[in-house]
Amino acid sequence: MIAVSVLSVFAVALLSPLLFRRQNNNISPWLIALLPLGLSAYYISLLPSAAVGNPLTFTRPWAEALGASFSFRADGLGLLFALLISGIGTLVVIYARGYLNQKDLALFYPWLLAFMGAMLGVALSDNLILLFIFWELTSLSSFMLIGFKNEKEAARSSALQALLVTSAGGLAMLAGIILLGMAGGTYEISALLSNRMAVQSHSLYLPALILILLGAFTKSAQFPFHFWLPNAMVAPTPVSAYLHSATMVKAGVYLMARLHPVLGGTDAWTYIVGGVGTLTMLIGGYLALSQTDLKRLLAYSTLSALGTLTMLIGLGTPLALKAAVVLLLAHGLYKGALFLVAGALEHETGTRDVTKLGGLFRVMPITAIGAGVAALSMAGLPPLFGFISKELIYETGLEINLWLTVAIVAMGLFNVFIAIVVGVGPFIGKQTKTPNKAHEVPFSMWLAPTLLAGLSLFAGMFPGEVSSLIISSATSSVVGEAVVVKLKLWHGINPAFLLSIGTVIAGIALFFVRNSLRSVLQKFEWKWGPGYLYNYALEGLMNFANWQTRIIQHGYLRYYLRVIVLILTVSGAVALWRIPSVNLISSFNDSNTSNVMFYDVMLAVLILGSALVAVLSPSRMGAIVALGAAGYLIALIYLFFGAPDLAITQFAIESLTVILFVLAFYHLPKFQTFSSASERKIDAVISLLAGALMTMLVLVAVDVQIASSISHYYIENSLPLAYGRNIVNVILVDFRNLDTLGEITVLGVAGIGVYALLKFRKGKE
Amino acid sequence: MKMDSLILKTTARLLLPNLLLFSLFIFIRGHNEPGGGFIAGLVASAAYALYSIAFDAEQARHVLGIETRLLIGIGLVLALLSGFFSMFGGQAFLVGLWIDLPLPSPFNKVGTPLLFDMGVFLAVVGVTLTFIFALEEVK
Amino acid sequence: MNILLPLPIIIPLLTGIVALLAYRSRTAQRWLNVTGSTALLIATIFLLIGVERNGIYAVQIAGWLAPYGITLVADLLSAIMLVLVGIIGLAVAIFSLADIEPADETFGFHQLYQFLLMGVCGAFLTGDLFNLYVWFEVMLMASFVLLALGGDHGQMQGALKYVTINLVSSAIFLAALGLLYGTVGTLNMADVADKFSKELSAQESGLINTLAILFLIAFGIKAAIFPLFFWLPDSYHTPSVSVSAVFSGLLTKVGVYALIRVFTLVFVQDMDLIHNLILIIAGLTMVTGVLGAASQMEFRRVLSFHIISQIGFMIMGLGLFTPIALAGSVFYIVHHIIVKSNLFLISGVVKHMYGTLKLKEIGGLYKRMPILGILFLVVALSLAGFPPLSGFFAKFGLIREGLVQESYFIVFVSLVVGLLTLFSMIKIWNEVFWKELPEHVDIPTSAMNQAGLKILFAPIVVLAFITILIGLGASPIFDLALRAGEQLLNPSIYIRAVLGDSP
Amino acid sequence: MTILNMLSFGLLIAAFVLAFARMIRDPRREHRILALDRVVAVDLMSTLSIGLMILYAAVTGQTVFFDVAITLAFIAFLGTTAFARYLEKGKK
Amino acid sequence: MKYFILNIILAIIWSLLEEDINASNLIIGFILGHIVLQLSRRALGPSPYLYGIFKAIDLVLYFWVEIFKTNLRLVVDVLTPINYMKPRIIAVPLDVTSDAEITALANLISLTPGSLSLDVSADRHVLYIHAMYAEDKNKVIRDVKGKLERRLLEFASPAKDNS
Amino acid sequence: MNLLSEILMFIGAFFMFVAALGVFRMPDIYMRLHANTKSATFGVLFLVSGAAWHFWEIAIVMRAIIIVIFIFATAPVAAHMLGRAAYFAKAPVWKGTLSDDMKDKYDPKTHELAGIQKNHKPTTAKSKRDKQDD
Amino acid sequence: MEVILAIVIGGLYAAGIYMLLRRSLVKLLLGLGLISHAANLLIFTAARLTRAASPIIPVSEEAFPASYADPLPQALILTAIVISFGVIAFALALSYRTYKIAGSDDLDKMRETKE
């Protein structure tokens, strides 16, 4: 049933275009939304059994030789994600109906749903290979959705960038998964979880860890792989909200959380994951400060949140992990809402520039309320869920050390500022003039943000219920053993709370000096960041590829041939050199070589002479004659060494070949010397070396005899069994007649070819 | 450009039947003495090639009387066919089957390898003449 | 099996001959081509089933004992390759009905096509090295003509290089054969293997190593490995799309097959050096191929360079030389043949739509033909090794075995190459499907009618479906490949099947 | 081999060498004429080959050589004729 | 009729090739000869005097003494200084008319001392020869016409002689 | 009996040598053709006779006769073809050549050879020995 | 004798390869011809030479004399010769057509690497 829940999404994705075949079908999005809604309900129904440590599982064998299996497992962490995915997914499906026009929806929903299915797969897979498959599918659907407005160059290049970065990480992760499988002896996640000791003491642990983290970091846009995420904001806003804030970017976080029980707890883990997370948290928040584009602002703040999550998982204390799980949920709710609000604002006003937005509360009150509540959650004010989350994070920092606390507080400060800029700023003050005249958005578009904001409020009000329903079991999954989490809204006045008050006040203060803050920060803008490096590397790669291809695939046939001949000569010579006791001299007086007659020498000299004449001849016909002479003389050799059939054939073929040459050369140009004298010298040296190699090979081959020839069989059986005295002919038409059949086919094909080439006239049949 | 040589034409006309006879001779003797389908085919082609040089390709085609590509096909068919007989008898492809005929040697033993060789002969003639005629007809 | 084994040679030969005899009737030739290809597919499927159930098949053609006559052998590798010939043969035969120009048909396309299939099948079936040479020549000659058929400028330039370099390869092969025969006095692969497996002197094994190098070069040229692949990217984009498609699917794979065959059966003693060499070559082949593809801006040239890159993957398994690695190679070959041919077929549709394949002069096809877009995406991503398509499992097996064998460098290379493959597939996607049609370009009023388009689409859809199927059904196919790999690493089974118990 | 036969062989070999010398002599002449001269030389070589075969047949007792000689006689004439014909045509 | 004669000749040649003139070889030779003649029919068609060619071959054998002289002469030529020679290219008017006769004559001339046929004019009235010892051009023409052409005419078509 | 065959063969070989010497030595192509046509064929005649005598069986004698007939029938034709081609190739005649009746008798276009009565116009441009290929 | 023929083979290969490396199409074709000669002679030599009887059983006998030339390489070479005949014929036709279209036989002018 879990498997079905995942696959059903793909099935609907495939079929959804059919729903849009009729024009103006307003119902279809609602019908589609029923699927994630139903799934949400289904996943909620699975929560109780997950909470008691008895998650639903499903396993079918699949590609066993490779270690892949079709297994799913719905534990707390998985279900938390699945609910985020299906829940926010439901809202985004509805939201998209208002945001996009009818024509685009038919191309949009399949990919949105494909993404949803893939993401559910990631969350619920219990096999690393299976997880990887879904993982890559999220990259693909993300690619298609980022590039949704594909007529724009920016959309295409951003989509490519996101795909390349996440796929690169994905490939590293694949190697990591394989190493992990080798270390842990299985790809089944639930089985690996019980193999922690074996894995961590294995020599492959560190490479596996690093490679897997590469996958996680790229997917979750951790520094220095973060640059693709802000660029991905060219996607339609529902996509940004859903993929690039609430779900897909958290896949990396999910993976780290998922594998924490196996891989976590070591120094390497703590320093790498914690360090990268902290860095990303600060950089994301800092970069957000100077942004004025709503979506980019949110994107950078998402980076900061992802960094926070990573940091918490890296720290790995029970408190940190608890904080991580809570932040996961809280962020999904408030950031999703804010993104959708941003989309609504853009949809209505025609701009996303926060400096151009103001006083919209009066025309868009419902949106404004949703935005405000979400912003308050993000800023970490009670009684919203964001408050609980932030308090936990502050406590985590305080629990560990001062420096971490400072970093975390800075993050908190940035969050307050961003929340106000995005969720409050556009609605207060004097109404500004915008490209479009703003109205309240339709129901389909305000439903989602307000509902998400409402959920933030709900979760903040009833933390105990939320934690017993899902947070506990999710945290247990991350910790690796059963833990009970009891969340409370109010912890009393403690250091964390005091810090909260401080950050809120400071954040509000910052908001009032926002314009000067931006102008200062923009001066320090960071040009040489990883994004720049990416472009530089890509360009460099292209240049290198072009250069390499020009060098190798230059189109000069004779240089191709030179390379081939040289490789043959060098490798052949090396191989010959390696033969111990190659004694070429032995061939001269070897008993199994035949004696030399004086006319043999003459024939040999004349053959070589003819070949030389053919090479040096200034005249084509003269060269052909010399070639023919060489052929005749070779035929004589065949004759003298007992091969009359061969000799006759050679004579006949030679004459016919010569005729063909003559006939063809009549229509071809005369000999010209194109190449320079030095080229000719080089070629002469190469040819002579190759020739020398062939000579040596023959000598060695004549000298070595591993087994005697099978020919005695033909001699013995030709007459009694094949009724022929000419054994060569009997071999051709009987013993090895398949060769001959192939050979006359070659001839026949050559005939067809010659006919076609010579008779073909374009357009004439 | 028509370059008639009366002497060559007369000679070619004379040689054609003789060369063909010789070609048949080495074809039939091929199983027991130097020769066989290949060589015979080449000699026969040489005969027609000579004719085409003395006259021209068109007249040589006329004397040949059959489209050369068809000759290739027929040759291949014969060779392939000779392999089928054994398959009908449940044996492998291309196994030689022989029958005795009450004729003088070398006609007393007739078998599928000879049919095969015949195919080779015709295919070689077809191909070689396709080459030569097509090249000669190039304008 | 007496009947079944030679059928993959007989069927296309007979079809080709009948088509040749029917040279006057274009219609008859078209029918013959499709009918013959269908029959070939059926025969190969039966053969695979038989080999899968009963083990290696061997038949002595002309009925002579094993090392003396020519043996046709089908082990799992051969049988799998043959089925692929059947599939691609039929797919392209159908595609060609709407793709090939009537003039090319009149001048023998269908005949040549069948002779090409015959050569390929023969190469996969034969157990004799000289016979392999003959089938190579059949295949090459047919490919020469197909490449040149139509005879425009680019084609001739490509054909010249293709022909010359392949002839050089044949010459090296022939020389190697001559030396081999002089050394061991036999040509039957099993017999050669048997004789090589005896106790050998240092000089003897030294010569065998030298011969192995010659075979590596000869087959390497045909397989288009680094740095012997020049002929491929200069020629494969020039002929008609049907021809490119069948070339890309089958021809280089014959070279790869030959490499696998001789280096698992004949040259197996003391081959560590060769295996390492093959691994290095595999890496360089992958990298140079994929970089070549990255530099191209013509649909079919991108695809051509990718063939090279993927040849690297196919021989990587040979270099690693374990059952799973060889299974990976076999799986990769299966996947590649289906996918690469299909990409060429898709390029054919594009060519029919736009009259060109220069990426700069194409655009906006996703909106015009979304289904073609999705088909392309499926196939292209499979080529890039995207899960869960066929290419993923192919690559996965190889990478896993590379890691197990601690050949980290080749694994690294193959991962990077996978990424670059993705990059250039996306380049095609962006340029052909997403980008808007450049303003200065006019779309030719397509001469292709709906019926024609349907013929073009049918094989594309089927092949794409097979790609997905191979991915989803990876398990049975990988098991089959694994058994093929195990067979390959146990040459004694093969030798016994050919020579009998007492050779 | 008797001395007389040996002498015959020697004469034929010498003849071959002379014919070959004709082939490589004066290579700077006008191309068509050079080619024609070479054809004459090769035509002679084929006749010499026939002679060599006959002699060899008599010396070794292998009558097979007669069959080869006949074929060569047929075939060489064809080659010479073809050359002459196309050298007559000259440059296109 | 001429085909029949040719056919019998071919049958005899066959038997000789087969090394034994007996009934079966003659029959087989006749059949094969027939096949061959059928194959050559279109080539042979236009020549009414073809059988004469076979007689001309006999003529060549008949004149082998002539040839012997030729060669002795040539030995001398080849081994002595070249200046002794007086070559010319000479036009010889022809009396023979048929293809076969002209060809036979040209060939005989080439095989006999000091002369080599180069070509026949398109109107078939003139044979151009290259003569090695042609101080007196007319003597060469006289020799050719008197010794060779006359004998050939007598041999090939005796009826003409009687008239 | 053997001696006779050896002597015959020696004579044959000798004539062949003479032919080769002639071909090597003669000053123009027409004179070389003389040597090639007469001496070589004559050499074959003797060689073949010697060998036929040596074997003295009907099969060999028959083959010998065929060889001789064939060579005698074709060698002059080959010489004719080559001589004609040489003329078109404007192969120079030896400086000692006294006269040339065939001069300007060939039509350079149709290659038709005129009889005694009419001449084809000599084309000065054509008769010039320009360095043309083949 | 093997030594002498080995040198001849090397020389033929060298000549053939040198011709292959020319820029001129027509020379390349001659190179193919030379290489094919070399390869055939190589097979012949590598399979060992003998001046013994041709592999033809005399009419008078039912079995074969003790010493004979190996028939198998002869059959192989025969096949190879015939194949290379076909190949060369095709290559000639190809060159003709190329020359007709390209107007030159300079191979360096036939290096279109991008369409």
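Order of writing sets the labels: A, B, C, D, E, F and G. Residues in every chain begin at 1.
Everything below uses one rule, namely that a contact is a pair of C-beta atoms (placed from the backbone, for glycine too) under 8 Å apart; a residue touches a chain by one contact, two chains touch by 3 or more.
This is a predicted model, so every value here is computed, not measured.
Shared contact partners of chain B and chain E, listed by label, are F.
The chain with its CA mean position farthest from that of chain F is A. Between the interfaces E-F and B-G, more contacting C-beta pairs are found at E-F.
Between chain A and chain E, the centres computed from C-alpha atoms are 85 Å apart. Look at where the CA atoms of chain A average out and do the same for chain B: the two points lie 61 Å apart.
Separation between the centroids of chain A and chain D, computed from CA atoms only, is 70 Å.
Separation between the centroids of chain B and chain F, computed from CA atoms only, is 31 Å.
Touching two or more other chains at once are residues 21, 33, 41, 59, 63, 66, 73-75, 77, 80-81, 84, 111, 133-134 of chain F.
Taken residue by residue, chain G touches two or more other chains at 20, 25, 28, 42, 44-48, 53-54, 56, 59, 72, 76, 78-79, 82-83, 86-87, 89-90, 92-97, 107, 110-113, whereas all remaining positions touch fewer. In chain C, 13, 20, 61-62, 130, 134, 137, 141, 144-145, 148, 151-152, 160, 164, 168, 175, 178-179, 181-183, 233-234, 296 are the positions where the chain touches two or more neighbouring chains simultaneously. If you check the complex, the residues on chain A that touch chain D are 598-599, 602, 606, 609-610, 613, 616-622, 624-626, 628-629, 632-633, 635-636, 639-640, 644, 647-648, 651-652, 654-655, 658-659, 662-663, 666-667, 670.
Interface residues of chain D, counted against chain F in their complex, comprise 2, 4-5, 7-9, 11-12, 14-19, 21-22, 25, 30-33, 35-37, 39-41, 43-44, 47-48, 50-51, 54-55, 57-58, 63, 66-67, 69-70, 73-74, 77, 80-81, 83-85, 87-88, 90-91.
Put simply, chain E touches chain F in their complex at residues 16-17, 19-20, 57, 60, 64, 67-68, 70-71, 74-75, 77-79, 82-83, 85-91, 93, 103, 106-111, 114, 116-123, 125-126, 128, 130, 132, 134-135, 137.
Only residues 549, 553-558, 561-562, 565, 587-588, 590, 592-597, 600-601, 604, 607-608, 611-612, 614-615, 620, 623-624, 627, 630-631, 634, 637-638, 640-646, 649-650, 653, 656-657, 660-661, 664-665, 667-669, 671-675, 683-684, 686-688, 690-696, 698-699, 701-702, 709-711, 714-716, 718-719, 725-728, 731-732, 736, 739-740, 743, 746-747, 749-751, 753-754, 757-758, 760 of chain A touch chain G when the two sit together in their complex. Within the complex formed with chain B, the chain F residues making contact are 73-74, 77, 80-81, 84, 109-111.
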